[in-house]
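Both complexes below contain subunit A, partnered by subunit B and then by subunit C.
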Partner chain A sequence: MIVADLSAGELRRRLTGPGLRIRVGPVAAEIRSSFDAVQAGLALHYAAHDVLTAGDFADFRVSVERPLGVRRWFAPQALFRFDGNSMFTPLPAAQAFPLLEWGLNWCVSTHCHQYIVIHAAVLERNGRALLLPAPPGSGKSTLCAALVARGWRLLSDELALVELTGRRIVPFPRPISLKNRSIDTVARFWPDAAIGAVVPDTLKGSVAHVRPPVDSVRRGDEAATPGWVVLPRYESGATTRISELSKAEAFMRLVESAFNYDIHGRAGFEALAELVDASACHAFTYGGALDEAVGMFDRFAQAA
Partner chain B sequence: MKRVPSRLLAHALREPQRLVEERDAWEALIRHGREADLLGTLAFRLDACAGLAQVPAAPRAHLIAAQNQCRAQQAAVRRETAEIARALHGRGVPVVLLKGAAYLLAGLPPARGRLFSDIDILVPKARLPEVESALMLAGFATTHLHPYDQRYYRRWMHELPPMQHVKRLTLLDVHHTIVPETAGVRLDAGALFRGAVPLADAPGFHVLSPLDMVLHSATHLFHNEEMTHGLRDLVDLDALLTHFGDRPFWPALVARAGELDLGRPLYYALRFTSRMLGTAVPGDVLADVERYAPPAPVRVVMDRLLEAALQPASAQPATRWARRALYLRGHWLKMPVPLLAWHLTAKALRREEPA
Partner chain C sequence: MSRDPLWRPFAPDAVASRSWNDELVVYNDVTGSTHHLGVLGSAVMTTLLLHPTGIAQTALVRGIADDAGVVADGDLAAAVERALADLSELRLATAVPA
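On to the complex of A and B.
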């Protein structure tokens, strides 16, 4: 059973009662919330995700709740809880769904130390993974959405889960998070994209999410072997260009983007070194021309 | 295994081999273990008795993650203690490692799988200024910059305000005794140093004698207002008592508790390790330590409160309330009432400093 099989009433009953259990790649989450925006966000973005039963193992039990207190009557807030404990300061209620997304990222990046967890988008063509590690503002998610629009499989928009044994990259297929102007850019480039509600005035500006393709979700247990490490940089009006990146620099960029490199010691060093060795490494600059950008990545995939 | 959900974790730590048969309990167990900071301990105990391969894949991933985290933290504690040794080297200050760092560097059983939040050291009170400046030169800076907090620690507590390394962000607590000065416990800190044992593998460092180590662990748990790590501290105590507890150890422990005025925390330690974790405390010792028990009505209340507070908070609703009550008790033990009133007023009236 998938989330889309649940009626609106049943989805609400689970979210406000025993919890909705879904599988996202290697992770099973139990989610509770009484916010309409969270229900709508889950119904849209997680439509194709498997629903689990109460007997299936859930890795993380999370909720987005209305904190008690008088504020709920004039400036309502949303609070993320993990195992019943609140983890972040509450946000305005309008940000309830993005808060769930950020919370789920946090769950994985602070607990899943069976992987090296890297802040990066991951896509796949012909079984080979394209890693886009990048700081915010580099246009990583825009590029990621554009590649998904043209048939690259989405493994993750946010977190690359690198296995220590086997050196594969494990999918974590969830909505792609877009910010500010990139929301319109992607809507124009990918008219069929299922884009959720735009939430203004978050810490990151306006935020909207794009639903992951059904195929990406269905293949959430299919890991990919390293193919490319590409460091994207968005520069308004720049021409699309690509250059070689030394293996050493690619390695250091992965380390900088990793949440838990320090935990893995020598095993982590060796896993990332092998990943970089097995990948073609590039630096990539682009302006607005997404068509050109995607074309360049498609040529990579054909050459490989 | 008896199916009391709130006791799941305690049972699992006692008899990890039975978990392999108990397949539907894993989700709650992982959640409780994570919350109590005991996943690492559980992982190493399971690995030692049945092997992690026996554990179903989903919970096993969490245990492996905890083992990885634990190895990294232990390596970090070793590196950090070496830095501290370098900072204090050649001054002739006796430095005693406490709690986690002590268990790790002395190779004692509680270290297996243990997670760390900070490093604790004990130095003589007269040497504090010198130790603090040496640590500052090595990059450790004081935290809690509000003048009231600084005064609170320096005048009334058993430790300096926590220090943090400016680059590595490691937290370091520098103690000069093991109970707050305001707590009214007649404890001679000099006696702790006289009994301390030098560490062969870590020159410059000592650990407390086995008796004092157990008593400090007990005091830390049962004389404290903060119970969030209660079960982990109880697991430390269980491992220490099991390791040291030969025949001559027990009467010596009770006698030493009397000398250091720490009878009450020892009473609680033996009562709750044996009740909750099945620690093999001899019956005559349990009976003997009863003389340090509180009066009967208090005992009934404390039994209920501690039993609830030592569970993971998500296991039963009473835990949060019990911890709140013990938080108040902890403050009550920490300082006399007029001082407590002054302390709470000062904290309540103070304006938050700008971030």
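On to the complex of A and C.
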């Protein structure tokens, strides 16, 4: 059974009662919330994800709740809880669904130490993974959405899960998070994209999510081998260009982008070295010409 | 300190390294830190790892000069000395007591 098989009433019953248990790549999450926006977000963005039964193990039990207190009448808020504990300050209620997404990112980046978790988008073509590690504002998610629109499989928009052998990257297919102008950019480039409600005035500006393709979700247990490490950089008006990047520099960027590299010690070093060894490494700059950018990556895939 | 000190890796078994072209990345178990060494630092560290019990500084300079096809002059000796000091600070290299 997938989330789309649940009626709106049943989805609400689970979210407000025992919890909705879903599988996302290697992770099983139990989610509770009484927010309509969370229900709508899950119904749209997680429609193709498997629903687990109450007896299945849940790696993470999370909820997005309405905190008690007088603010619930004047300026309603949403509070993320993990295993019943709150670790973030509440956000305005309108941000309930993005808060769930950010909370799930936090759960994985702080607990899934069977992997090296890297802040990167990951896509796949012909079995080979393209890693795009980058800080916020680099155009990573815009590029990721454009590549998905043109047939690249989405492994993750935000978190690369690298096995400790360094030889496989495990999918974690969830919504692609867009910010500010990239929302319109992607909507124009990918008219069929299922883009959820735009949530304004978050700490990151306006945010909206794009539903992951059904194929990417169904292939959520199909890992990819390293193919390319590309550091993307968006520069308004820049021409699309790509240059070779030294493997040592690419390696250090992965180390800097990893949430839990330090935890793994030498094993983490060896894993990322394996990954870089097996990858072609490049720096990539683009100025918004998404067709040109995607064409460049398509040529990579064909040449491999 | 001797005029031609002997240098060795701080803890040879504690170092994992990977070399791509002329650059070396090094993980140091002693500190838990990872370092990206430039061309000269890589050459010095690679040579030290080949001599876990130690190599004289002049021999180290000569070996690096031979590998690079350059003259082992005073400038190179000074640059190697600075690289050794940096590696020592990172606890990747240490001078062997005379």
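Please note the rule applied: the second predicted complex is superposed on the first by the 303 of 304 C-alpha atoms of A that agree within 3 Å, B and C clash if a C-alpha of one lies under 4 Å from a C-alpha of the other, contacts with A are read in each partner's own complex, and residues count from 1 in each chain.
Please note the rule applied: a residue touches a chain if its C-beta (ideal position, glycine included) is under 8 Å from a C-beta of that chain, and two chains touch if they have at least 3 such contacts.
All figures in this text were calculated on a predicted structure; none of them were measured in a lab.
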item: Fit or clash between subunit C and subunit B when superposed on subunit A; value: fit
item: Contacts of A:278 with subunit B and subunit C, given as first, second, both or neither; value: neither
item: First (subunit B), second (subunit C), both or neither touched by A:2; value: neither
item: First (subunit B), second (subunit C), both or neither touched by A:47; value: neither
item: Which of subunit B and subunit C A:262 touches, first, second, both or neither; value: both
item: Partner chain(s) touched by A:197 [first = subunit B, second = subunit C, both, neither]; value: neither
item: Touching partner for A:114 - first (subunit B), second (subunit C), both, neither; value: first
item: Contacts of A:247 with subunit B and subunit C, given as first, second, both or neither; value: second
item: Per-pair minimum CA distance [subunit C against subunit B, superposed on A] in Å; value: 7
item: Contact residues of subunit A, present in both the subunit B and the subunit C interface; value: 262, 265
item: Subunit A residues touching subunit B - in the complex, by the definition given at the top; value: 26, 28, 55, 57-59, 61, 83-85, 111-114, 262-265
item: Touching residues (chain side subunit B, partner subunit A) in the complex; value: 24, 26-27, 30-31, 34-35, 56, 58-59, 61-62, 64-66, 68-69, 71-72, 75, 313-314
item: Footprint of subunit C on subunit A - complex, ascending; value: 246-249, 251-252, 255, 261-262, 265-266, 269-270, 273, 276-277
item: Subunit C to subunit A touching residues, read off their complex; value: 16, 18, 20-21, 23-25, 27, 29, 32, 34, 36
